[in-house]
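Below is one structure. I have some questions about it.
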């Protein structure tokens, strides 16, 4: 041993030790006093305060019932003042006492520690017992305590497992409810949303009527995905898909799929949180069918649709399912694996409590194409219309013509109008050929249909039977996009070619008004919001133009991610699905000051 | 450790101290309030108990509900009126729904904006008040006219056709505007005018209703004064009645009643928000009976409105009366119309 | 402001608040005849964000300083001074929030909640102490953590906690960590913050129960060195394991151990390990068998833990307010309880159908099932691993600080005669120069 | 001996590997979080449309005097003569006498502006966040009174104690650059 540690004297406590000890004791006493004061104050606040308040309340009640005198009034006011003053005084007292308590405790510990240091003694190791044995014993002891801990834990677990957690609602919610139970409990209202309700939502591909026209005018025109300006939130979408978001109030729905999984997602419009994920099974027939959709189509190109109560999704496999807004799957069925050259891509539409499926497949010779209306609550087929047409990639629209609903579908070569109530055909016109993908729209009282690479044709939807000879309003031969659907209002109709050529015609006569080359690629369809046209290119840049006789660019907003899906425009917000994320544009979630 | 003397003694003390501390700590931990039922910590004296406030003598209820309620088909319904044949005209969202007396939807009239109020003339014309303008439709739903919009401050909340005049209650300007049937302004009623002893309407929220009484006078609600005022068509204030009280005989809150309707015999039906209650007052303004109280009218009772800002804002129920004296209540929370019939009448029929 | 921006704001409010698509229309306020001016609503902004970065900067500086003081300067006084500074700055001045211990949950929530992202400063509070521990041992615990500091400051009369008890109690910390991460991941609550025993002292207020809990822990801390750090701290558990791998660490002696035994009782945290002695021959045989048994037991424990965690999902889920609410609503709807609560009233006031709530809560319960499996398996792993490590013979020739348990407080330095020699030498060297 | 050396090297290799793995793990977690991270901090705030004014804000806050206070947006206020945020449900008279007030701390001031309007302002230091007035104003009036977390008082706990006790889950984390969720007006 070389050199003893300093400041450790032999046995005599160092100078000041006693002072430190006394200080510590005094500080300790003070601490206790302050603590008692605090507790007393707390008790006073919670016991005496309410008693006085009740007295006050009784006096007030008496005042209302009986005769009021100035004395009574002033008595009440004085008591009221006393109560309020007392409350403030007690708060203040607690605050001060708290600080005093802290100070005395600090003094106590400083003095205590000091005393300890001053009274430090040289360590005198006792005779070491057999270290080896001791270590073995220690380890054994520790093992036993850990084992004891294990046993205690096991006991608690056993106890809890035996007494099942009180989660009675689990039974009520049920994971796989029967279709009977799934019928909306809403007994008074209709089990579907009215057309009027739908008009202010975005319940299907390209919004109400499928025309890409939003009734809202408060849609943002400025954002930047990189800096986050104007972005309310963005949330990752687990599985890829080219389908577009649909919106009902504060819920946003979209789907995604891989070869092994088909999922439906519901997001919260407020937070962007993924509220639930729904699974759609893949029918066993798919494995045998060697389904091989084109990569550009993907496995979930069909946009979902909702009737305000339930939401429906169909996938490239022909598997269709319905969910309630809480994420329960109501039913599921396979419509048979579709025989589609590029992969099935038609989106869904809803009519009353039905979901409409355009199911065109094959080459037209095998009698396989159908138009279905399924019961939204059960999935049962309400009606089906056979049609001798080959596969198509357009989406059905339900429009109101002269107060009656028409279900319009575009195929090769027929543009067909059916009665959505019973499926009966109303009229048909021969107008397109080849592989049709752009969906028909209804604008300016005309149904407009595109034949890719060829022309745009306008049909008056007022006829009966074959109207090819009688009801063609005009044809515009200056080109036809192969993917993007047209968009139009009462004055203009716009065509957007995949490479960025925007053609504008007059709805009245089909005369070209202008064309304008945006020089970038497009997959998403254009939309009109008020007097603005929104064009989302494949790189995620939104070109916002003025609707009018010439193209005037109003703004250009970048998202910074590639986009294939058409955006949804609802009530101050735009929902855009990029390849990876769902974006909500429309300012931050928190809002600035009121004026 | 290095405690030469008194080792065992201090050991016991320390052990006891630690043991106590451990027990107290565990106790404190287990007793941490995780219920969220602490409330404001104030005594009951300061309680604002909606249920207590909503309470009234159930014997005062002199009506019963008939038929199932009629769905409006709106997400946000706003106003209700009836025509001579008992058809219901309900304004909501961006349309007016015309329902047969049995409650089947007959016609949907699309309106260019959100309608706030609706009235039907004897010849079947439909006058729809939007935020600051009036649109006129024929019975088939064809738009006949759109009157010149009023200013930005305007906020139309009620409309009434009486004889050749159309009266529009403008809550934003707190005045009743009288038009002829072509939309030409005739005069303004109820503007503050000390010379005519008119105090001016007080309209703190977008509820401002008027009705035509069998005596030929207009009845206009001045909600901020919790009273009903009677005016001639030329704007002379004849009389007024109404008392502010949370109790059943008065109008509660700061701006009630929100809507009124006149029974064929000249009695009033009033609707209040906040504490949603529909009551009947006799022709001189004396409280008579209750049609329905908060517990009958709102699922979840009075507390629901107190606890939900959205429901509170939608709690201005509209009332209408048909020729037979049936009382129609437009539930703007659940978006349906409920029908009530007075008990005596029900029996005598 | 333009009219359209007003509308935008309104709609944004509606969306932000989850109101239905229809507008809650506003109504023009009264027009005043007098020249009364409507006051504007002013709302004070939160303290500037730069404080966070100052905090992070102070954290880095204190960590480096602590490393220097502990590993190079080897001065208990300086370490104590730095510790007091940390206590005053991170604790009393910055009110103890955010701390590294709680930051575990923020990072977890980031991974599981798409709407939440941990602020950079909080991320630094989480990651920096871990990195430092990986290099230098638990210097964070020694002189930077305000929770450790407040306990260290009150330690006056250390008593020895038997090894067996210490090993057993430490399991609580692992359970706490697992639960903290689980509940943060599920978005239920930050329990580590909610039950933080000392933060109430830093803020001069808080839940009374928690204050009492903190007071008790401090009272215990007068005798038992840093009870929270040793038996409860969930972050300490991570630091423990990382510290086992640290590049540099606290050594009792600056040179080599002369087995003088003076430091034997120096550590109030029981972190000084004695040199080992060879086991008796028969012990080896038993030890081998035991080791084999525990090796087999480990996967069994993990499996059993996972199973138990899954089975307990219903109980675990109940800490989530949504699940409790669903349960309450169900009971009320089926007339199994009397009356209503604020929560159930509030739910009913939203007008949402209860089945929707049930399926949401069931979904949550199922997610707790997955979380429970992982949580249970983790606990199984910890217990199994603990039993294994207690059955392995370690070889130590000197007195040394246990890598995992050493809190780097520097108390043992002055007990080592070699240290005094170093001081003397340095003084001499200084004197010569 | 040779074997022992092997053992030691193997151990060291294992230990180094583990060390590297831990460092990489921390880096990975930090990297992932940083990738998602935002520069702004989060603060707690009350969604006024979810708040049911249960009163918990007055008692559950860790501060002695709650950081939640009543906020009044005058742009929404109707300047009612009879304000049920101010008056007792059954006031004896319509004046400012203590016997007629509802606020337990007398934190609302009523001031005559002109016939028939009265201005109401919150005396913030007195307000304890109990939400009595919020309930009254919501139910009967325009809802211009509502509770907000005042960020000059709030210490921004990582887990807000009131949020944990909020029965309507009205508390949520808001970005620090938009720290308030005010009710707003559409005067368009």
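Each chain carries a letter (A, B, C and D) given by its place in the written order, and its residues are counted from 1.
Convention: a contact is a pair of C-beta atoms (placed from the backbone, for glycine too) under 8 Å apart; a residue touches a chain by one contact, two chains touch by 3 or more.
Not measured: the values here are computed from a predicted model.
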Fill in the blank from the handout: Chain centres computed over CA atoms; the one at greatest distance from subunit C is chain B
Fill in the blank from the handout: Cα centroid separation, subunit A vs subunit C, in Å, comes to 32
Exercise for the section: For subunit A and subunit D, let me know how many angstrom lie between their CA-based centres, rounded off. Expected result: 23
Practice task
Let me have the rounded angstrom distance from the C-alpha centre of subunit B over to the C-alpha centre of subunit C, please.
Solution key: 52
Problem - In subunit D, residues with contacts to at least two other chains - result: 48-49, 52, 54, 56, 60, 64, 73, 75-76, 78-79, 90, 104, 142, 164, 167-168, 179-185, 187-188
Handout entry: subunit B, residues touching no fewer than two other chains
Key = 2, 33, 36-37, 39, 41-42, 46, 75, 93, 204-205, 307-308, 310, 313
Handout entry: Residues of subunit C whose C-beta touches two or more other chains
Key = 4, 6-7, 9, 13, 16-23, 25, 27-28, 30, 40-41, 43, 157, 204-205, 207, 265, 341-343, 345-346, 349
Practice task
Quick one: label the inter-chain contact graph as line, ring, star, complete or other.
Solution key: complete
Fill in the blank from the handout: Touching subunit A in the complex, subunit D uses residues 45, 64-65, 73, 75-76, 88, 90, 92, 97-99, 104-106, 126, 172, 174-175, 177-185, 187
Fill in the blank from the handout: The residues of subunit D that touch subunit B in their complex are 48-49, 51-60, 78-84, 89-90, 94, 102, 104, 116, 128, 130-132, 135-136, 138-143, 146, 164-168, 183, 188
Handout entry: subunit C to subunit A touching residues, read off their complex
Key = 1, 4, 6-9, 11-18, 20-22, 40-41, 43, 113-115, 153-154, 156-157, 162-168, 171, 201, 204-205, 208, 258, 260-266, 274-280, 283, 301, 308, 311-315, 317-318, 323, 326-327, 329-331, 334, 336, 353, 355-363, 365, 379, 383, 386-387, 390-391, 414-415, 417-418, 420-421, 424
Practice task
Spell out the part of subunit A that touches subunit D in their complex, as residue ranges.
Solution key: 53, 59-60, 63-64, 68, 73, 76-77, 80-81, 84, 87, 91, 94-95, 271, 588-595
Completion exercise
subunit C residues touching subunit B in their complex are 19-25, 27-28, 30-31, 157-160, 195, 207, 209-210, 212-213, 216-217, 219-220, 223-224, 265, 341-343, 345-346, 348-351
